[in-house]
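Below, chain A partners chain B and then partners chain C, in two separate complexes.
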Partner chain A sequence: MEKYLYIALFAPLVSSLFSALFTATPKKQFVGIVASFLIFSAFVSSYILLGHIMDGGEPIHVEMMTWMATGNLYIPFGFVVDQISVTMMMVVTLVSTIVHIYSIGYMDHDKGFNRFFAWLSAFVFSMMILVMSDNYAGLFIGWEGVGLCSWGLIGFWFHKDIATWAANEAFIMNRIADLGMLIGLFLVYWNTGTLQYEGAFAAFAQLDTATLTWIGIFLFIGAMGKSAQFPLHTWLADAMEGPTPVSALIHAATMVTAGVYLVIRSNELYSLIPHVGLFIASLGAFVALFAASMALVNRDMKRIIAYSTLSQLGYMFAAAGLGAYWVALFHLMAHAFFKALLFLGAGNVMHAMHDELDPFKMGGLKKVMKWTWIMMTIASLALAGIFPFAGFFSKDTILEAAFAEHHMVIYGVLLFTAGLTAFYSFRLVALIFHGEERYKIFGIHPHEAYRFMLIAMSPLLILAMIAGVFQAPFFEMVEEILGAAEYHIHSHVTLWIMLVGTQIFVGLAILYAYKKYGTWSSVPDGSSKMENSFIYKLLYNQYYIPYAYEEYIVKPYNEISEILWTKVDQKIVDASVDGIAGFFYSAGENTRDMQSGNLSTMLKWMVAGIIILLSLAVVFGLAARYSGEIMAILSGLGV
Partner chain B sequence: MEIGLNHYLILSTILFAIGLVGVMRRKNLLLLFFATEILLNSVNIAFAAISHYYGDLTGQMFAFFVIAIAASEVAVGLGLLIVWYKRHGTIDLESMTSMRG
Partner chain C sequence: MLDHILSILIFFPALAGILGFMIDKKSIRAYGIAVGFVEFALSLWLWFAFDSNVSGMQFMENLPLIPSFGINYILGVDGISLFIIILAAFFTMIGIASLTKTKNEKNMIITLLFLQMTMIGVFSALDAIVFYVFWELSLVPMLYIIGAWGGPLRIYASIKFFLYTFAGSLVMLVGMLFMAYFFYQATGTWSFAILDWYRLILPESFQLWLFVAFFFGFAIKVPMFPFHTWLPYAHGQAPTIGSVILAAILLKMGTYAFIRFSLPLFPDASVFFMVPIAVIAIIMIIYTAMVAYAQKDVKQVVAYSSVSHMGVIILGTFALNVEGISGSVFLMIGHGVVSGALFLLVGVIYDRRHTKLMSEFGGLAHVMPRYATIFGIMLMASVGMPLTINFVGEFLSLLGFYEQSHILTLLAGIAIIVGAIYMLSAYKKMFFGNITKDENRELKDVNKRELLALIPLSIITIWLGIYPKPILEPINNSVEAVVQLMHNKSTTVEAKERIPNVSGIVISKTSTREAH
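This part shows the complex of A and B:
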């Protein structure tokens, strides 16, 4: 079985290195094919490992080699395939296989075709390290690796200023959070003496609550950055500047869920500190609502889906914070399927519309893009949580968990957000695929994506439809490691009311969205009454948070930097260093005339030097000899 | 009047001063060598006188070494001087400024 572990881990690395060989050459179709094949082999290996674990096999634990061994510190390159990591491996390899194949079509005309695959596979490799590592240090390496690859892929079209800006924003925001994570790791090591999960979890039970709370908080700060939770959320929407397959893989299905994975992985820590868990759950619920509200009015297709991702991450954190770790992991998996599908569908639309992102400029596309329409509709149904699609099983369980744990505020917020989710998802679908064909004004002739791209997407389509049936086997698999908390509402009547009520509520939201936007016929120009209302402006400008960051953090920071640069750096640091160098330089410049080359002059200088040195020797000799007397005279003078 | 150590040392100092002035003032390479010889020999006088004064032969031995080294230095120096003269036709110090910085 170890063999499969190594294939799953290193096939993406091989793929990345192989593609990297061709980065300087023009597009080569086989690079994409080889990369996809290698990622697919990682997927097959993961699938075999999943079979092994599901059959009740022991978790596979290997120590490839020693990484650091100094004094008491021992960190190996160790990898573990257990119930949690195998789930993540399946999600990562499956979605990335599909995205790789899809990208062959999507990046067809791009000059950076080969480079794209090098980055994308490098990302998969980093993500595999992140989820498979058996210690926090390895997780951190993967964590930084995915951050780096995310930076490279958001800024893939580096000739666009906005793309590089977004890439840097994502990278810097993650650095801020990673500092928190790093402090968390130091605290873990400091207090337990190890970074191995097993050893650290075993030692957590003996620590006092205050220490555990700090560890939990700092690790969660890291998770907040990676999973774009408030207040570090702005980078995710801006990250949509990257190519759409990247958004599907990194900013929907895998990397952004790494924060959730961290919390789930550290469940033994967080179950010891339920008050931090409650904070996580509250923040998650808040972000769910907060992000969904921004998605309501946005006019950028990819940003709407990005806010939806943010909102769903909030759901996952809400579940994980309440101790329902397996529910969070299940929602993570289901969400990866339908959200990746939604993004890839959006990619098809973007291609058809020549990179137009405003859904108000589309409309009526279902005639020309039948399959994309079907896929995005089903993905949206799954996202909205309509029975019997994937989202119903995962999201309703989160609602049930909140209800069963008697956190009614969280439950209420999540329930309301479910309605908003349905509304904005179908607002998007209705605007893109229904109503009048507004794109004709702009002279665009849309066309369906390549057939093989659609076929590549079909596994996601099927999974978005049927992932619910995996709930029971999934629960059986992970209950050993994540706790057997099944969330049953005591009374059946209550349960049914909840289920049916939620469905009706969500269904009404969908109908309302169709009614309002299904027959839309014009492109808004900012003159309507709604567009001028305060709430619309507030939501459309993302609560003015990016503006506030710009105004109150970036600009003051820039000004302080400017002052430090011109005043401190240039006037003090540089000036003193340059001054010293300048002194010696000018001293040399002024004394070079001595080197006239005339022996006679040189001899005169030599004699002068000897006399000076001799007289110094005499003076110091005398001073040393009569030091007692000199001291006496000086003290007499009162020095 | 008996000739004592001080007289020798005064003679040595005078000679040293003469040599030093010669080293600084002379423009002819050959005379520069003469001045150097005067410098060295002034030191030799001081060595020999002090050696005698203390009844210790080390100083006189040192003077012999200085004489030997002075001789070899002059041998090498004169050789170079002759080569220089053959090349340039002059041994004036003012003509030797190829080391100008």
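This part shows the complex of A and C:
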């Protein structure tokens, strides 16, 4: 079985290095095909490993070699395939295989075709390290690795200023969170003596709550960055400048869920500190609502989906924070399927519309893009949580968990957000695919995507529809390791009212979205009453948070840096050094007249010197003679 | 031959340099490369013959110079100095090999060979006076390199560099004389041998004064805030090769000396000054990173980034535990490789455009993709990406210091944020966007001669990031000995607490390893 572990882990690396060989050469179709094939082989290996674990096989644990060892610290390159990591491996390899194949079509005309596959496969490799490592340091390698690849892929079109800016923003914002993560690692190491999950988890039980709380908080800060939780969320929406397959893979299905994975992986820690868990759940619920509200009015197709991702990450954190780790993991998986599908569909639309992103400039596309329309509609239904699609099984279980744990506020917020989710999802679908064909104004002739791209997407379509059937076997698999409990609402009547009520509520939201936007006929120009209302402006400007960051963090940082350089470093620190040097120099300059070589001047100085020396001699001589008296006088003065 | 390998390593380049005067101008480069290569091969042989399991000094040589004052020519290496010596040999070799067309090439190569002698001398000397002689001699070739081949402000920069560091070293020399005198008072014999000094336990008040005296010499060399302002001028005016050697090796003399002198000689004072020095280190990290961000000249960005990274090294050193000191020694190697490579990279573009202003560039990734890739690798190493050489050192340094102070480490950890800010924005300005200047449209990508230096450095950067063990293990063994010595020598209660007892750790380590 170890063989499969190594294939799953290293096939993406091979793929990346292979593609990297061709970065300097013009586009080569076979690079994409070979890369896709290698990623697919990683998927097959993961699938075999999944089978092994599902059959009740022992988790596979390998230690390749030592990475760092000094003092008491010992960090190996160790990898583990257990119930949690195998789930993540399946999600990662499946979505990345599909995205790789899809990208062969999507990046067809791009100059950086080969480079794209090098980065994309490198990302998959980092992600595999992240989920397969058996210690926190290894996780951190993957953690930073995905950050690096995300930087390279957001800024893939590096001639676009806005794209490279977004790439740097994402990297730096993640770094802020990574500092928290790093401190978390230090705390783990100095309190447990190891960074291995096994050893650390075993030692957690003996630690006092305060220490555990700090560890929990700092690790969660790391998770907040990767998973773009408030207040470190702004990078995710800006990251949409990257190519759409990247958004589907990295900024929807895999990397952004790394934070959730961290919390689930550290469940033995968070179970010991339920108060931190409650904070995580509350923040998750808040972000769910907060992000959904911004998605309501946005006019950028990809950003709407990005906010929806953010919102769903909030759901996952809410579940994980409440201790329903298996539910969080299940939602992570289901979400990866339908959200990747939604993004890839959006990619088709973008291609058809020549990179137009404003859904108000589209409309009526279902005639020319039938399959994309079907796929995006089903993905949206799954996202909204309509029975029997994937989202129903995962999201409703989160609601049930919140209800069963008696956190009514969180439950209420999540329920309300479910309605918003349904509304903005179908607002998007209605604006793109229904109503009048507004794109004609702009002289665009849309066309459906390549057939093989649609076929590549189809596994996601199927999974978005039927992922619910995996709930029971999944539960059985992770039951042991995640201490999973099924959430029983005591009375059946309550349960049914909840289920049906939620469905009706969500269904009404969908209908309302269709009614409002299904027959839309004009492109808004900012003059309507709604667009000038305070709430609309607030939401449209993302609560002015990016503006505030720019105004109160970025600009002051620039200014302070400038002041530190021109004023402090040059005017104070360096000028004092030069001042001291200048003092000696000018002292020399001013006294050089003494040595002018003019006899009369020199005699004058000689006389002055003799007088000074003589008077000193007299003073010291007198002082020596009358030392007794001087002492007496001084003591009399009280010295 | 192995018995005198250190002497050979020191004096072979100098001798070759003298002979170099007789070599024809046309063949001097080949001659220089050959000498550099032989020297590097010898240093590798040293590594090969080095026994990693021995924590103490190896290949020791002892030759009396002025026996009545206990001044002897004593040499030796341990895991701490070994790799800096190899690094010095390596950088001199590739420095000569990748040297661009310069006027008076012959003088330059001979100067570099002399510089190599002084560098290896500093890192292998075990007698304070011999150490001091090499330490000061190293200024001369550098003064000449900056003064003769530098930019418009070269005279100002070179004199500033010389006088500033020289002034600091004089204070250090006074400290050394006092130290020898105290040794004489305690034992009745004069000795400048560092290993003899290690055995001397000084009262805390003496330690404090001596620590301060040594500190001035080292801190200016490192350079630590607020003594760092000579560095931007020196780098700004120096030719590429000067900056490379300065950043890669010469700065390490200061941090190395902290570990060789300050920590084992004055353990109580090290503990006493730990917090103030950590505060200085944090100022270095954050303040110079912000200053680096404000620079318009890419070489100045790299220069200030050096100061920022040296802050992390200092912090790791004053963690006073095995993790931190090993990390700081490793980061010395890592920073040497990465900053050396970055200065070489800046030299590449300077040779083509004769400017270092970032506003003159933009969109270089379109015309120079290989250059952009190698710069990208070094950029990521510089910001401490895991699996690159710098991460290991940075991680261990910060990890080590965390044991001493949580809040100070949290502040120092800001290094990973501010480092990313100035590096990424510099990279964006240089490589991303569209080409706006016509001069940049026809730029040639890196050529073979430049790749000769850059590819080995890239390989080392990644190789030691993935597999640091061959270097980390010998470092670790020697550092354990240093920490144990400090623990045994320390007299105050606080120092005993702060400096761990390594022998206790060794036992628990074997048990945890068995458990895995």
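Here, the second predicted complex is superposed on the first by the 570 of 639 C-alpha atoms of A that agree within 3 Å, B and C clash if a C-alpha of one lies under 4 Å from a C-alpha of the other, contacts with A are read in each partner's own complex, and residues count from 1 in each chain.
Note that a residue touches a chain if its C-beta (ideal position, glycine included) is under 8 Å from a C-beta of that chain, and two chains touch if they have at least 3 such contacts.
Here the structure is a predicted model, which means the values were calculated and not measured.
A.B. asks: Which partner does A:V619 reach: the first (chain B), the second (chain C), both, or neither?
C.D. replies: Neither partner.
A.B. asks: For A:L599, using the defined touch cut-off, is the partner it touches chain B, chain C, both, or neither? Pick first, second, both or neither.
C.D. replies: Once the two structures are laid over each other on A, A:L599 reaches chain B alone.
A.B. asks: Touch test for A:E144: chain B only (first), chain C only (second), both, or neither?
C.D. replies: In the superposition, A:E144 contacts chain C only.
A.B. asks: Please tell me which partner, chain B or chain C, touches more residues of chain A.
C.D. replies: With both complexes superposed on chain A, more residues of chain A are touched by C.
A.B. asks: Could you look at A:W565 and tell me whether it touches chain B, chain C, both or neither (first, second, both, neither)?
C.D. replies: second
A.B. asks: Between chain B (first) and chain C (second), which, if any, makes contact with A:V607: first, second, both or neither?
C.D. replies: Once the two structures are laid over each other on A, A:V607 reaches chain B alone.
A.B. asks: Tell me the contact category for A:I462 with respect to chain B and chain C: first, second, both or neither.
C.D. replies: neither
A.B. asks: In the superposed arrangement, does A:M631 touch chain B (first), chain C (second), both or neither?
C.D. replies: Neither partner.
A.B. asks: What residues on chain A does chain C touch that chain B touches too?
C.D. replies: none
A.B. asks: Which positions of chain A touch chain C when the two form their complex?
C.D. replies: The touching residues are 23-24, 63, 65-74, 76, 137, 140-141, 144-145, 148, 151, 155, 158-159, 161, 164-165, 168, 171-172, 175-176, 178-179, 182-183, 185-187, 189-190, 193-194, 196, 199, 557-558, 560-562, 564-566, 568-569, 573-574, 577, 581.
A.B. asks: Name, in rising order, each residue of chain B that touches chain A in their complex.
C.D. replies: 20, 23-27, 32, 93-94, 96-101
A.B. asks: Which residues of chain A touch chain B once you look at their complex with the stated criterion?
C.D. replies: Residues 592, 594-600, 603-604, 607.
A.B. asks: Give every residue of chain C touching chain A within the complex, in rising order.
C.D. replies: Chain C reaches chain A through residues 160, 163-164, 225-226, 228-230, 287, 290-291, 293-295, 321-323, 326-327, 363, 365-366, 369-370, 373, 380, 383, 385-387, 392, 395-396, 398-400, 402-403, 406, 409-410, 413-414, 416-417, 420-421, 424-425, 428, 431-434, 466-469, 472-473, 475-476, 479-480, 502, 505, 508-509, 512-513, 515-516.
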